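Labels run A, B and C following the written order; every chain starts at residue 1.
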Amino acid sequence: MMPSPAESWMRATVAVVLSGCAQASSKPEDVREMTLRIAAASGFRDVCRLRLLPGFADHWKARHGVRPKFEESYASSGSLTRSIDSGFDADVALLMSVGDLDRLAKSNILRQAGSRSSISGIIARGRVVIGVRPGNPKQIRSWDDLARDDVGVILADPRVSGGSRWNIFAIWGAAQLRDDGSTASARDLLAGITRRVVTFESSSRLSLAAFARGAGDTVVTAESELHSLRTRTGVAYETVVPARTLRMDLPGCLIEVSVEKHGNRAVAEEFFAYLNEPEAQAAFQEFGFAAMEVEAEAPTRFDTPTAKSSLFTIEELGGWPRLNDEIFGETGVWDGLFIASNGRGTAR
Amino acid sequence: MSQKPAFKSSADAVTLLTRGASLSYLGVVLLLPLAALGFEALRPGPRVFFEALSDPLARYALGLSFTLALAMAVVNAVIGTATAWVLVHRDFPGKALMNSLIDLPFAVPTVVAGLMLVALYGPSSTMGLLLERNGVPLIYHRPGVAVALLFVTYPFVIRSVQPVWLELDPAEEEAAATLGANHWTTFFAVTLPALRPAVLSGAALAFSRALGEFGGISLVAGNRPLDTQTASLYVYGAIEGDRTQVAAAVSIVLLAASFAVLLILNSLQNNAVKLD
Amino acid sequence: MGISVRRLSKSFGAYHALDCVSFEVPEGQLVALLGPSGSGKSTILRIIAGLESADSGEVQLTGADAEAPTRNRGVGFVFQHYALFRHMTVRKNIAFGLEVRRPRPSRNELRRRVDELLNLVQLTGHADRYPSHLSGGQRQRVALARALAPRPKVLLLDEPFGALDARVREELRTWLRRLHDEAHVTSLFVTHDQQEAFEVADQIIVLNRGKIEQIGPPQELYERPASPFVTEFLGAVNLLRVETVLGMNVQYDEAPLPVEIPGPHGMAAIYVRPHDLDITRQADGRPAWRARIRRITPLGGLTRLDLTLHDGANLHVELTSDRVRALALNAGEDVFVAPRDLKVFHQPSPFVENYVI
């Protein structure tokens, strides 16, 4: 933990506490009293607390002379989405999956009354990688290695954690692209890997925690999560970037109904814009995400610059909704993977 | 209304009021949420309900949960009764401490119980390595789920049997001895029937608790479908995956079964109580 | 010999429940262990049954050392609070001692024996009831039948009628005595009620603070108590000071005192029972006190009189009501009161070590 940003975050919290009920929504926006409510997926927690919020506070102060106040909520992307959908009045949401953004968009809380557009979009990118123990003792190089009998895999349960569906899509897509779009081979690879799963944890964070406790040999996760684990534990877990992997497009949005209610449009819009500034994008990169301008086939911005990785996008696989339906929908392949592989021995 | 006075006496009024109050409290706290769940499960129609239950993953999870819950009821009935015997009949240093320790599973959030088990038997612990090397890995395997359930259900039978046993008149056991019965005969013919209601109610509580337990097993089970995924984990996955009706359907089965078991045990208890 | 108890001692911490107690109960007799609560009588019974162990001493049942665990001793035990098996019917309760036998008696044998006992305790119609549906007296009869069913060598009864009300208790006492006269099982029963002991027992063992005070047939204990304790425990009694006795209006040449008493300032406990006192209008040459009648209480056939002696001592007297009428006594009158029998204890009671009945 770096002391200065942590302190500034704490000051922000104190300010929120002191301001108490000062959040009376005065009609003409008074920038000096602005409080921003941020709901972010747990994966953004570190970068938000340590870089984005302090950075934006400075940025805002330089223009308006006062620091804005923040109220932060971190939870899994899925449960944040559900809370917001059922009335939680966050101003800005930073999510892990396009699916979650779609869900919010459907319920008309992202649009101003009478407007057809919303302020939302991809705020950062990442990629799905394999985490291994220091020294890569099991010599993991590729997705196929995860299906080996001597390898134990940790996954976040994609049924529970929407954000971790990226991981499954990455495996699925890599096999499909390698074998000219063959669904059968994708299914085989996925079945082979799920057979080696030691535990399906209920969130990305918990899957990393289980991995750190010694469970399994590998964890499939976002590069930023692995970065965060290294920072937290001080253990040199290694990142293996498979030859083909998926670029994660991480969305954010303004919740118009909340902004209307709070009367803090100025700060909310400016925060959303700030996320695209070079300063914010550099912060994302620092924490293992990729900056927005990083395109497929350009892995140099990631923190393992030597790994050659061919990145594909969710669009190349047909888009989130279609893929989601294909794998996790009513007739999706996911549950069938287990039924087919029932009777397996112990997964380790 | 009729010309008769509404209540024969103020005592009647009080009875009526208290009964009304406790019933409405039960309604608000318990029955309404349950009704909401039932409504949620059956709203899309019975076809969806039964489809949800015909999912092999759901069926397996339910089967696993029932098997484990039954096992917990049986194991606790035996070990809990034995522990209660030790607490009631034997004096040893540290007994008071042991007596207080027994309630700890009530006090600890069950997810913490899971965490403790992972720390103790997990893949990086000495115990875990030892167990794995001997071919009985616990964590992320069904035996681990059983161990977690043992932890969270541990106090129920002890705490329901112990006070009853303390109150039991030793003269009945002594009478059996003077009539020529040995210890086992005395226990099974005289003591156990007297304890039976308490053992049954403790076992019923352990059963229900094991059936619905989530926190304690979420960390140790591994949540693998058709292997270590219990009904509660399945329901959680369904809720998180926005399949509310599936979650509700499986929950209704859990509830109905639990209710049936409690009803049966209650009627067994009532039969026993009538002899007093 | 039915039951033989030798040098039995038992302490609970610093409290000596039994202190070197020895006695014997002859085959076929019904003997009462009589004493106040805390005298150790129940402890003796429980040690004989093997429900408790003595610190030292030994117990023999029909000549054999009773070292065996309770279940092999062949004792029948009847508890104060019945201790019936509440989840078993009356029939099951009575059959219990037979069913745990090895080899187990045949079904017909079982039924015959239980019916026999149901008949004996007059509960034939109640065989299929549960104990909770019986009255206290009925429950105790079931308990007795259950204890007798396996034909015990000895029957031990621990305050068997203590939990019952007076009328039922009376009934059961008579019934128990009759039962014993028919069955002749060596029986030892514990009670704190001297009247009960007198009515039922062939012999009485009086216990006080873990020691035996006296052993003997009821009448002998009453007439010749061996200690102040026995005197006081067996019925109402007046305790007199030496000075009061010496102050009697006595004519030595005509009628000496019926007992020897110490001189003035001597140490002794002197007792006289209320019915061992006679009242006369005139001195008739017997040693007597002058006394004033304070109060006359008619009690049916008997009348109780409260007297005050000239030295201020109080005296209870019991006369037949006929005698009171014949003398035409009234409260406030002065009379002479003469003891027929004085019991004098010059020192604490002698130590009874091994008294064979």
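Structural remarks
Here, a contact is a pair of C-beta atoms (placed from the backbone, for glycine too) under 8 Å apart; a residue touches a chain by one contact, two chains touch by 3 or more.
These numbers were taken from a predicted model, which means no experiment stands behind them.
Compare each chain's C-alpha centroid with the centroid of every protein C-alpha atom shown, and the nearest one belongs to B.
The greatest centre-to-centre distance from chain A, using averaged C-alpha positions, is reached by C.
Our note on geometry: chain B versus chain C, Cα centroid distance of 55 Å, whole angstroms.
Note on chain placement: the centre of chain A and the centre of chain C lie 91 Å apart, centres being C-alpha means. For this pair, chain A with chain B, the centres built from the Cα atoms lie 38 Å apart. Residue positions of chain C touching 2 or more other chains: there are none. For chain B, no residue reaches two or more other chains under the stated contact definition.
Those residues of chain B lying in contact with chain A across their complex are 55-57, 118-119, 122-125, 128, 132, 137, 139-141, 218-219, 221-227, 229, 236-238, 240-241.
Across the complex, chain C meets chain B through its residues 49-51, 69-73, 75-77, 79, 81, 83-87, 96-97, 100-101, 130, 132, 143, 146-147, 149-150.
Chain A makes touch with chain B in their complex at residues 78-79, 157, 159-162, 197-202, 206, 210, 213-216, 328, 335, 338-339, 342, 344, 346-348.
Only residues 169, 171-172, 174-182, 185, 189-190, 193-194, 272, 275-276 of chain B touch chain C when the two sit together in their complex.
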